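Heads up, the thing below is written out as structure tokens.
We call the chains A, B, C, D, E, F, G and H, going by the order they appear; numbering starts again at 1 in every chain.
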């Protein structure tokens, strides 16, 4: 979308038909006029809409312009239900658990939750289970074992995905966060740690990318299944 | 497993029961005596066995000791069928496509293929589809669209997963390779590129980690399904 | 140019005679007084002038001081036509196409466009052609094939130059942008990706350096041609 | 090309038609059987062939198999003339000067020279002109000024392209080399230095990538010209 | 010690008096003549001696020269008992547990064990307790809880110290190892992960530095105690 | 603790029983409401409380809410005495010396001091002893020699721990600080320097982590001693 | 100097006697009260005083408190003449030339100039001699050849010291600056380039460290000379 | 000098006249034929010659070809006295002390010594004075104080220059070495530490660059003196 002129925005209409996932708006660096324009285009098509990394003043302006928009302050998302119910994402049976360790990972975890729910997934948060308090993690072991996909959000040393993936069969999508200071290198340390996990089959997305993890969960839960939804 | 004394090897017998995936042997840095010991333990349990990063002399010694072992020189793997057929990995209906661009990615792609097949998955290779020859990639577009999981192996600038994930609904597990020189930084460049893919839902594993990508594919294809196999 | 005192500015008068390209002003960190002084010197010589990375308040002050200055808010440039028409850059027949993928690359793309036009080049923008939406890129394939020089601007994984250079004969000047977060490392990731492109003959300039890419295009389009313009 | 089996090699026949530049063989990591196979395919099509990074034993085997192959030990290249003269690269009028500073840059400079000549370009070497001996550089200033494209090869601090680009109008393609020790970081230091050159319009390729620089020179010298050669 | 001439070796005789810990020999890069000379000096003073990173041929030569030397092939150490029993390190009551996860960490773990025992400490190895098999770690939880100092050796994602330090009161000295490939960056990844541990009070030594960890354990177990041994 | 809702805070009540060290609050990124809530929970249990990295406005609000809280502006800590005296940390006999070199390290040194005292340790500051003024360091040599644990705080080249550890028997916990500019890389340089110290037995914590160093000192001084305090 | 309390400042009185260079105040992060206190101590001893990195409001407060202080806004320094003329630095015969390339290096160059003059050196600025305009550099070649010490300040690719050191016999102290963007990595690129200079005998100081370069010049010009000044 | 053909070697005859320092041969990567050729050219001019980083077999061949060559195995240098005594470097009165800490730094220290003596300087080695054994350093304090220039060679944490420069007035040229493992990052850690030294006026050269340090010492000792020697 052009930063210069909202009117230059060309929506990749065919993306959802190709990949199942629609184009969304990354709000960082966009003007309010641009964001409003994008949601207007989506509304015009009857399609649902999602913006991520929405700052409070952007959220306020969007809600003022579109009363149907739901703004999630913690997740920093804004979602617009589809005007055309057939365009809404159909509910998916899979059970996504978003697990995180500490306070600072909550914003990213909530971005994953909000995105997953926008995409029709059923998603639950399990927080406060850092590896330094193993008893709390073991207390939710059954909940994790029942999950179909686990999104595992952690900063600092990023050890949580290794421990979780050693306990369950489900795919584990690891999301490093930029939480921490000094040697955490703005999230590069948990990123590297997750990539070198000793638990086989852990997969990783970019730092703070809760949105991407939810998209991966959507792809995973639709793997090997017929296409139910329209373009 | 102890590098000092094969007898100190303690097999994590319960891992497969917990996670579906068994412990395997990473042959780099192991002596032939150690490798033989590990396969003997597995054989004693009737379980199937897999070793990765097997050098030619290790492979020869393993085949001499266990005629049933199948050695794949390109994938650098050695696999032992289960003595007890009930311990074999049941065939999985999903369709895994391993796609790679150039010559140098083939060893990693074959490690993914061999691991996937060891785990009971059906896996196919689509090679020679680098992004600088887009016509060749578009020629296999239908094949990619039909896949249930795509493992996408690429070195150098690591652009292939972005292009592929923009064409399909399936989960895309990206594997950066250490192919290239200079600014490819032994695979760090494609790793970073894949993590910052503009296509939503791409997930990434460690550099050259074909094994891990196949494990991720296994987890993905079993997500939301009942557990069919024994501990 | 001295930051302390505009009067210490010594214009490299001979640079255009030596290299065809004149000294320009990089506005970042310069005071308004300094910028005004520089344009005054240029105007005194009858020469055209260009400033890059001009902030809004700098642009306003320059336009107030020199009504002939054209300020481009998106490109962050200010250009002063030559008082002496013989000093203007002669129009060049070549066809420069500036291609970029997403919203966030537009400022850099427009810096390239504005610089190219200042130097007498004919330059066109082709936006919204990220590699995750290959169909949109293929839709402009003919336009790219006709270009004499392509300036390819991309952030995140920086894959666009590889795909474009595999489709055309023209020189491809790749400009990485600092767009993205986390593993994009402020533009270092697309920079490294472009340098390791699997498409032969891609050349790269510094992160966000739209100005430098346009200068390279000027050098390329004048390669092997007689010198038409005065010192 | 498959490392496993020469027969899996699929030549991107259409690449030259699309981009003007043919697929070549990067010999590093290829077996002699694979290299021989590739040249045989090229010979079968009547096309010319080029391999880079050829080790002495590979070169000897290639020359034994194809007496027409010319091996350049310093450039580490092997070139096969086209059996079909119409497939040969037509001579190009442009004047390419490959300039380098010290001994250690010579292998990379010669790779650029050999590639350029394979592509039909006229290319000359100007060596021993490091910036610490400015008088020697100034002694060849006229030669540099007459060049249509300059390929500038330098290791260590990589300062040569900045100095050269401040003296000439021609495009300057900078090639950092892995020459040096300690803080030269295997070529990363000259790479970064060239990217931040204070001379506008310097473009950069990967470390030690003489081949890529010559391809860029070919693209530059054909910019804005009709296509003379067949697919 | 001079690499040129064994005779230039000047033993820091006073180090043990100052710090409790004697000078030892780091064998990497030393000739056999030099190593023999150093042990001769120590023997002449009646002092015990330790060499680390001893290669097999160095070990063989040392044992041939000093039959009393004990060589540990896995730890890569050589130790000479004190000729003067008063110079021997007195036994220390503390209980050091060296815990590690996988095969590849064993050499470093054994260097810590051998150094600890040379210094008079009582040290035990607990291996095979990687965080991906949490049950095995929990099985030794009591053993860890009883330890006075824990040396925690881990490569790859380096998560073990975080988990262990969340279970026990003892000081945890974390030793990252260069085990792993790709994103483990030769041990830099577990090093960074251990430094950013979410468990308070974890301390870290250099990559593969089992020797340093044992020295730290010695310092810790003598903290706040009277000096028992002679200079 | 949830950033969204103070009420979601779940205190790891058992941590002190397991490890001797309680959960504390890292104030960075927490709202005043959250901080107040945490201290209320602690007060409700009769437990003492500590917050680190407290900004002035957070400190003022905490003191207003809990008059018993002691705020240390230089250390950026807030401490709440235990309502239940049995929950207070018992005084520990050991002698902790926090030594630092320059002005800029003082905030980190004071965080170590405040944390140590909160944990019942006796801690003293020795400042202004940078290695470039060796005479000042030698003047306090006796004081250092008497210490049971030394916390050594340094920025820039981080040389102080090496010098100190060569003079004393006590454990040396090195804390790199983000003091310095340019090549100090925000504390990475002293971090690396401390990890490669030539003095055996130096251990290191994260950049600016005075809190962690004090926790390590607590663990060290309780090593090999019976547990005196209640959960 | 303590950040907490000016009174804790302990001046290293003996430093000038030991090394010839006095302790100075690095103003970044210091309060005005602290700065005033330091100058008061110096004034009390009759000694001259220097503060670097002084912000405008700090400078204003210092001049208000000490009318004799000279504030240099461009160099960001504040200097206090010695109350006791015998404590002033004696004039030194050597000729220091501070040479820099562009606008953005001027602040660092002036810090070097101001420090040099404070230390009694004779120092001259030669600006605007970047390597991309070689003619301007050659125009001052004679001036450079006459210098006794050259301080060479450059950002971006940092090539100036290599060119200058190839023209003169004098020691060349290179100062990289944080000028530039993207691949200049906040000054790391010119730092690395200067360290790998192909001109023998170039020495380097930290990024933006004009102060340190002047101190090095002082040491150089007093090398091998009797000590003229009092402690 | 051309690696391909010794005859292409063009000696920068004028370098010594310009800068006082002659061109020398860096033997790494040069053939014996090339080295012999270079010394022959020097001998033909009557000039003295120096090669650095000479491997044993290169040294043997050079001594066989030129009996006057002196080979220093530890320094890895080969020096040829001038056939024409007027071309020899005149003895310089200054006193250079090369100080180093440990065994592994000795090769670099000896390269500095051999180069310094080749250039006519008087140079002495002071070894075994690492900062972890401060008493040994203080024992040579007087020797250091008398030096005119100190070359300070250190690996690992690179703390020696900071300590030395705090004790003396002489210029301190710091040489980081690639000694150490893990976090020493092949010498990058001591390099960074030396650049951020808290002792003002420390200057730094590239990793392992004993040659460059000696050249810097030569420049320093000739600063402000008339030119005594011929071109």
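Here is the rule we use: a residue touches a chain if its C-beta (ideal position, glycine included) is under 8 Å from a C-beta of that chain, and two chains touch if they have at least 3 such contacts.
Note that this is a predicted model, so its numbers are computed, not measured.
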Fill in the blank from the handout: One copy, chain A, sits on the other, chain F, after a C-alpha rotation whose size in degrees, in steps of 5, is 90
Practice task
Pick out the pair in E-F, D-G or A-F whose interface repeats that of A-C, meaning over half of the contact pairs match by residue number.
Solution key: A-F
Completion exercise
Of all chains, the one whose CA centroid lies most distant from that of chain A is H
Problem - C-G or E-F - the one linked by more C-beta pairs in contact - result: E-F
Handout entry: Distance between chain centroids, defined by C-alpha means - chain A, chain E (Å)
Key = 45
Completion exercise
Rounded to the nearest Å, the gap separating the Cα centres of chain B and chain G is 58
Completion exercise
Rounded to the nearest Å, the gap between Cα centres of chain D and chain E is 51
Completion exercise
Within chain F, the set of residues that touch 2 or more other chains is 15, 18, 102, 132-133, 165-167, 182-184, 188, 191, 195-196, 199, 206-207
Completion exercise
Listed by label, touching pairs are A-B, A-C, A-E, A-F, B-C, B-D, B-E, C-D, C-G, D-G, D-H, E-F, E-H, F-G, F-H, G-H
Fill in the blank from the handout: In the complex, chain E touches chain H at residues 1-4, 8, 10, 12, 14-15, 18, 28-30, 34, 176, 178, 186-188, 191, 206-209
Completion exercise
Within their complex, chain C touches chain A through residues 73-74, 102-104, 106-107, 110, 127-128, 133, 135-136, 181-184
Fill in the blank from the handout: Given the complex, residues on chain C that touch chain D span 15, 18-21, 24, 93-95, 148-149, 165-173, 191, 195-196, 199-206, 211-212, 215-216, 218-224, 227
Exercise for the section: State the interface residues of chain H toward chain F in the complex, per the touch definition above. Expected result: 101-102, 130-134, 138, 156-159, 162-163, 165-167, 180, 182-185, 188-190, 192-199
